[in-house]
Amino acid sequence: MSNLSHLDRIIALALAEDIGQGDVTTDATVPARALGRAEVIAKQPLVLAGLDVFARVYRQVDRRVAVVTELTDGAEVAAGAIALRLDGPTRALLTGERVALNFLMHLSGVATWTRRLRAAIADRPQVKLLDTRKTLPGLRALEKAAVVAGGGANHRHGLFDGVLIKENHILAAGSIGAAIERARRHAHHLLRVQCEVTNLDELDQALAAGADALLLDNMDQALLRQAVQRSRERRPEVFLEASGNMTAERLPLVAATGVDGISVGGLTHSAPAVDLSLLLRPGVSV
Amino acid sequence: MSNLSHLDRIIALALAEDIGQGDVTTDATVPARALGRAEVIAKQPLVLAGLDVFARVYRQVDRRVAVVTELTDGAEVAAGAIALRLDGPTRALLTGERVALNFLMHLSGVATWTRRLRAAIADRPQVKLLDTRKTLPGLRALEKAAVVAGGGANHRHGLFDGVLIKENHILAAGSIGAAIERARRHAHHLLRVQCEVTNLDELDQALAAGADALLLDNMDQALLRQAVQRSRERRPEVFLEASGNMTAERLPLVAATGVDGISVGGLTHSAPAVDLSLLLRPGVSV
Amino acid sequence: MSNLSHLDRIIALALAEDIGQGDVTTDATVPARALGRAEVIAKQPLVLAGLDVFARVYRQVDRRVAVVTELTDGAEVAAGAIALRLDGPTRALLTGERVALNFLMHLSGVATWTRRLRAAIADRPQVKLLDTRKTLPGLRALEKAAVVAGGGANHRHGLFDGVLIKENHILAAGSIGAAIERARRHAHHLLRVQCEVTNLDELDQALAAGADALLLDNMDQALLRQAVQRSRERRPEVFLEASGNMTAERLPLVAATGVDGISVGGLTHSAPAVDLSLLLRPGVSV
Amino acid sequence: MSNLSHLDRIIALALAEDIGQGDVTTDATVPARALGRAEVIAKQPLVLAGLDVFARVYRQVDRRVAVVTELTDGAEVAAGAIALRLDGPTRALLTGERVALNFLMHLSGVATWTRRLRAAIADRPQVKLLDTRKTLPGLRALEKAAVVAGGGANHRHGLFDGVLIKENHILAAGSIGAAIERARRHAHHLLRVQCEVTNLDELDQALAAGADALLLDNMDQALLRQAVQRSRERRPEVFLEASGNMTAERLPLVAATGVDGISVGGLTHSAPAVDLSLLLRPGVSV
Amino acid sequence: MSNLSHLDRIIALALAEDIGQGDVTTDATVPARALGRAEVIAKQPLVLAGLDVFARVYRQVDRRVAVVTELTDGAEVAAGAIALRLDGPTRALLTGERVALNFLMHLSGVATWTRRLRAAIADRPQVKLLDTRKTLPGLRALEKAAVVAGGGANHRHGLFDGVLIKENHILAAGSIGAAIERARRHAHHLLRVQCEVTNLDELDQALAAGADALLLDNMDQALLRQAVQRSRERRPEVFLEASGNMTAERLPLVAATGVDGISVGGLTHSAPAVDLSLLLRPGVSV
Amino acid sequence: MSNLSHLDRIIALALAEDIGQGDVTTDATVPARALGRAEVIAKQPLVLAGLDVFARVYRQVDRRVAVVTELTDGAEVAAGAIALRLDGPTRALLTGERVALNFLMHLSGVATWTRRLRAAIADRPQVKLLDTRKTLPGLRALEKAAVVAGGGANHRHGLFDGVLIKENHILAAGSIGAAIERARRHAHHLLRVQCEVTNLDELDQALAAGADALLLDNMDQALLRQAVQRSRERRPEVFLEASGNMTAERLPLVAATGVDGISVGGLTHSAPAVDLSLLLRPGVSV
């Protein structure tokens, strides 16, 4: 039960900017009553994500289009394989194509990239590969679902469902201790308080002030190991997240420091789109 | 005079998904009446794009925030340089930070990537580096402006302001000739008709049927050269666009074939975000 | 595949302004469970247009109303004939009546008027009878479809899908040549450039600057003939549109000058509504 | 204090359908920073209406445009006279022109037409010239204000602020008496009940059942006179409205029958637009 | 045929504020495909109201949920009895529970409270128990329907469908006579004019000026009796409404003064919610 | 930085349902250009809440209205005292009155009721008086702010920012242990998991499964004391909330059991509105 009206609005915006006053080409070249079948083909190996939004796009374009697949988000699709099939009015199949594919190509790109990074730390399943709030505007919920489809885990959704005190907040509050104390008082009892720290001194302050979780930002592996050890000794229940400059190469080294999770902004803001094509099947009219 | 209400809606969706019921951390740690100054710093060399949407985000968050910069979209910013400055209520500066940066990082990423590809064909300024409709849902107008800021040129905006007959349309219409003839009749007199062709036989058909522009899809350089020559001989006024598998390495070779434009989906769907940070300036309260 | 959400919004506005907090009369006088049948009768000879929007109005009022007709937009209906039939909850039939008829009476008025003017130049089928952007606010797409139903042809839909340089633009740009050159550079390659000219000198300038189409504004027939001849000699592919003070009487004379199209603002802004009534059929409860 | 958000929505729809993704012509030909002055000139004698919505259109296009006039709705403007003046960014002046004029031309057309019909019964100022619910979708409030500007009077706004029992309601309720009685019971105590009657027998029934007002539909003058006399004798306080086939010629005759008001659908659904032009003033840059 | 889009919007707002980005608890604990049955149980004796909006909430949450009941608004439900039953996806049953119940508990509270006050004047069925415009923001139409379900009657819906001149208007207009005269002239002929009076002098003025109804505000029973007598003598058709400080104890005394109606703001703004619970039936999966 | 667009929407809905097509009475009786001053007077002692939304209502009605007060939410106002003052166009003052007051009367009612219950446990300031999700549809954020203004504390805002496992979830999951374990795995690391328990056995299960907080539902004081003791012994960091049938009389007894918080649905769903009036000041025109 997610935020459907948000989803319907972003789809509507995407359709509006693409279709506008009408699809001149399709309306001219395809008979109004023609029915057809189309297939979406993977042009490269990929991890699927966004099947639901793909179908919802077509539901806004024309409710008569049926989107059929046996796959679910998270499935691996080989190059050349059929990811899904569509039956319906041919005009609708073509008019909705670009927007539906734009969602699917981006979200599967996020899932594919997440899967690859997850594989880099496959030997440490207990370490969470976390997303961030560095998402593309309007697409956060979809991208976060794609991260899960790829094997990652979600951080808080936004500013409203978790407290994460960063450098700027500490500056405004005056000190780590003041910031944590105020957050503890202000937030309701079901929200935990996490605090960003960049060195051991800050870590000590945050632990002393009662942080429930720490963001170990931009630390190298040596420092991370020290931070983990120090935190576990004092308050073993505190959740430890590492962040900053994470690459596929560096991930296993960071995971080995003993942190509980590693967050990677690039999962959502820089995953390259995967290549998918929609092709009408000639001679098939359903 | 662009589509402002579309822009305001995508901003509103982005703010809604991030802020939701409120920014618990900032509301707890920053006094309600505090005023502050923040700077947005480039963490890598980049081409700026999205300054206007960045400012519009803050206008929705809190009209009292002033966004100041001497730069304009398209400006190159060195690593470590200040891209812009913000003055206003400290809470608003922090609450709007992520959404505003998410726009700026992505759009500057598009501009930076476009600038790099444009540079690859710098010796042929008459060849247009074109975007496509493979844009991220909701962000098309912004991404297309970022392409221009990076030195590229825009293709049609969507399905409504140009006719582009592709493989699927030809299949539905029965032939290239039939598709072009129908499009010519259906479209009003201010729209040109472009047709995708993948070999010389299709090119001949499209030229004969009166296409105003051709999309030379997935041809290698040798075939592109033949296609250009043939088309120029018969109908020199026809616009020739090459597309398919364009990389920075291949671009100069394609440009050398004599085409009028080269379209690259990756300009918009796979440009990596650039890194920008927003930092409060300690001790400055405006 | 046209802009459905726009259509649904204008319908919603029309229903809101008419129904508001409820139809006091119908709710009082008609039992909640009553089912009925109604017929829409033409009170004068007319050309139908707006059948789809008529049905969509009822879909918003109550999805159970079935709108049935064998006619399609463009059909000629005799005085006294039944244009369409409705079956459904009697309350919904009556509550939706006015808004549904308001659309149908206006749009059929546009189609009827277009048909009449089209008939005036029936001997020159190659000359297009064009609409303009002088449409009633919110109703453009519907009115343009009604023009087509009446036998006319559409000009560009709006400011976004065609370039039409008018007197004010020329004034702002400095000259016809400057305006056309800038438009050519700014517009993407699938948009043609049309320029308004009012005498032969301006026509020469526009042809020399490479206009793809001309708007011959407020010329008398003699001048139109000269303009057509001069344009055909120099650049036969240029589209020639006449406009200004077109009446049913003058149309054949203008058509005879050899222009490609004639645009008439009155098709949409001043077509009188046709008279249609909705009548419950006594004793029929479906 | 009218329904501003409704008004802003219909303006937004009108701008969206005209401007869409942007005004290609103006953006190309007019420098972004140019300021200018324009005048709106009456091309025929007319009664102005819609000044406020004209200005609101420009407020949505660009808040910097100032609309200045000494006239108010209802003013008579001679052919060739300046109706209003605009100062602001030249691009905005041109991009908003068509939508702003489309409102003004239609609404002034309604006011001009109303003024003309009102003049036809100038000797009977106590007889109201009433509008109906036969308005153009989305424009009701504006058209009703234009009717008032022209010298007419408003009937109920919609189905929610008055009870008007028509033929179809009577059919559904079984009898005039039953319909009026149910309406009286259902409606709150501040709403009057009006009933349509087409002959003296129905009139007797409606008066007996306690109708507060009557709609004398499609009666000729002789019958109207009888109806007025009969009604005044029995229940002098009942409001009498004549309707059906009203022309400028017939209006004085109907007014002479002694009715309280005459309603004319054509005031709103068939008033021809008046001709107005917007012209940039050369050499003026404000 | 009421204002459905208003209703759907308030439901959407209520769901948005409760569900936001998703129901973390239900999504975690209930399998996605589980189907279940739930019952809504009255925890106290109550009068039901809001069944339709309850079902519409679930329609927005998940169209597959079926809401079944043999009761209708206005039914009395004993403590412990089942008010309605729901079948559908278990997740949807739980995610929609709170919002659906919040509507039902409040609206049934209004109906229950109205029923109780109505009972206090059961011996005078001709006296209307009226609601006011003191409703909770966004819920007016629902609350007014609940008042009717409880046995009350509706006053005007809002500022648009009735004229009610109050102390502030009289002050602004200068006198009761001036206010009534202006209102009579301004309002269309289907709206009655009501005027607030607080003593016999004002009552005389209002009667003389032609008020159609009077609001006898804050008068004690003795004064009310005098006012009724005086008004009946002079203009027996005038509707008399008493208001101000009405309690269950005082109502019968006020009703005995002979007024036509008594309005009670507390019907809508202060009715305590009734207690209802939604319980899954263990072991039932439909 | 809360959810402003939500707030603006609920205000817009409230204004739409009250004003609709216009305020007939005010437009008739008050001159368009009149300026005036009004005061809002407390008719009973109360705790103010909703000042901001009161002002925002007027901002939507007419931006020229200035709302002035030296009070802030949470202030106690004596009967007869002036709560705030308004200056602006008299029409706007009157047209916005009812909606603005409806918000203020309800929200101040919530704050007043909360203050009274808070006073009942004034001797135990460390025990939180908590609200619930039993709020009026659309008003949650406003009501929760009013609870804080009255001295209460907020529970989670909705289903998205905290995990609260209730009886129905446990039934669906199979056991308390299963439900808690799944919630722990599904929720991100900044959300705590709370579980409803109704007896000591369930409490044991929930503590063993790792719940971060418990909802002690419908326990009498004796059982509450046992539950508190048992929980503190085993896991002292667990937050303990009591709920069910809380009255002003019972609150001190429950607070004395040692729980951390007590939640009371009636704070929001059944707080009676307080009485406030808006009065024009005669003779003052600003």
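Letters are used for the chains, namely A, B, C, D, E and F, taken in the order the chains are written, and counting of residues starts over at 1 for each.
Basically, a residue touches a chain if its C-beta (ideal position, glycine included) is under 8 Å from a C-beta of that chain, and two chains touch if they have at least 3 such contacts.
The model shown is predicted, which means the values in this text are computed figures rather than measured ones.
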Exercise. What chains touch chain C and also chain D?
Worked result: A, B, E, F
Exercise. Taking each chain's centre as the mean of its CA atoms, how far is chain A from chain F in angstrom?
Worked result: 34
Exercise. Using mean CA coordinates as chain centres, what's the chain C-chain E distance in Å?
Worked result: 46
Seminar exercise, completed: Check: chain D positions touching at least 2 other chains come out as 3, 16-17, 19-23, 26-27, 95, 141, 157-158, 160-164, 191
Exercise. Taking chains as nodes and touches as edges, what kind of graph is this: line, ring, star, complete or other?
Worked result: complete
Problem set entry | Contact footprint of chain E on chain F as seen in their complex | 3, 6, 9-11, 13-14, 16-31, 34, 36, 38, 90, 93-95, 97-99, 101-103, 105-106, 109, 133-141, 157-173, 178-179, 182-183, 185-187, 191, 265-266, 269-270, 272-273, 278-280, 282
Exercise. Taking the complex as given, what residues does chain F use to touch chain A?
Worked result: 128, 153-157, 160-164, 188-192, 194, 212-213, 239, 241, 260-261
Problem set entry | Residue ranges of chain C touching chain A (in the complex, touch as defined) | 1-3, 5, 141, 157-158, 160-161
For this session: Note which residues of chain A are touching chain D in the complex, please.
Result: 17, 20-21
For this session: Mind listing the chain F positions that touch chain D in their complex?
Result: 12, 16, 19-23, 26-27, 61-62, 91-92, 95
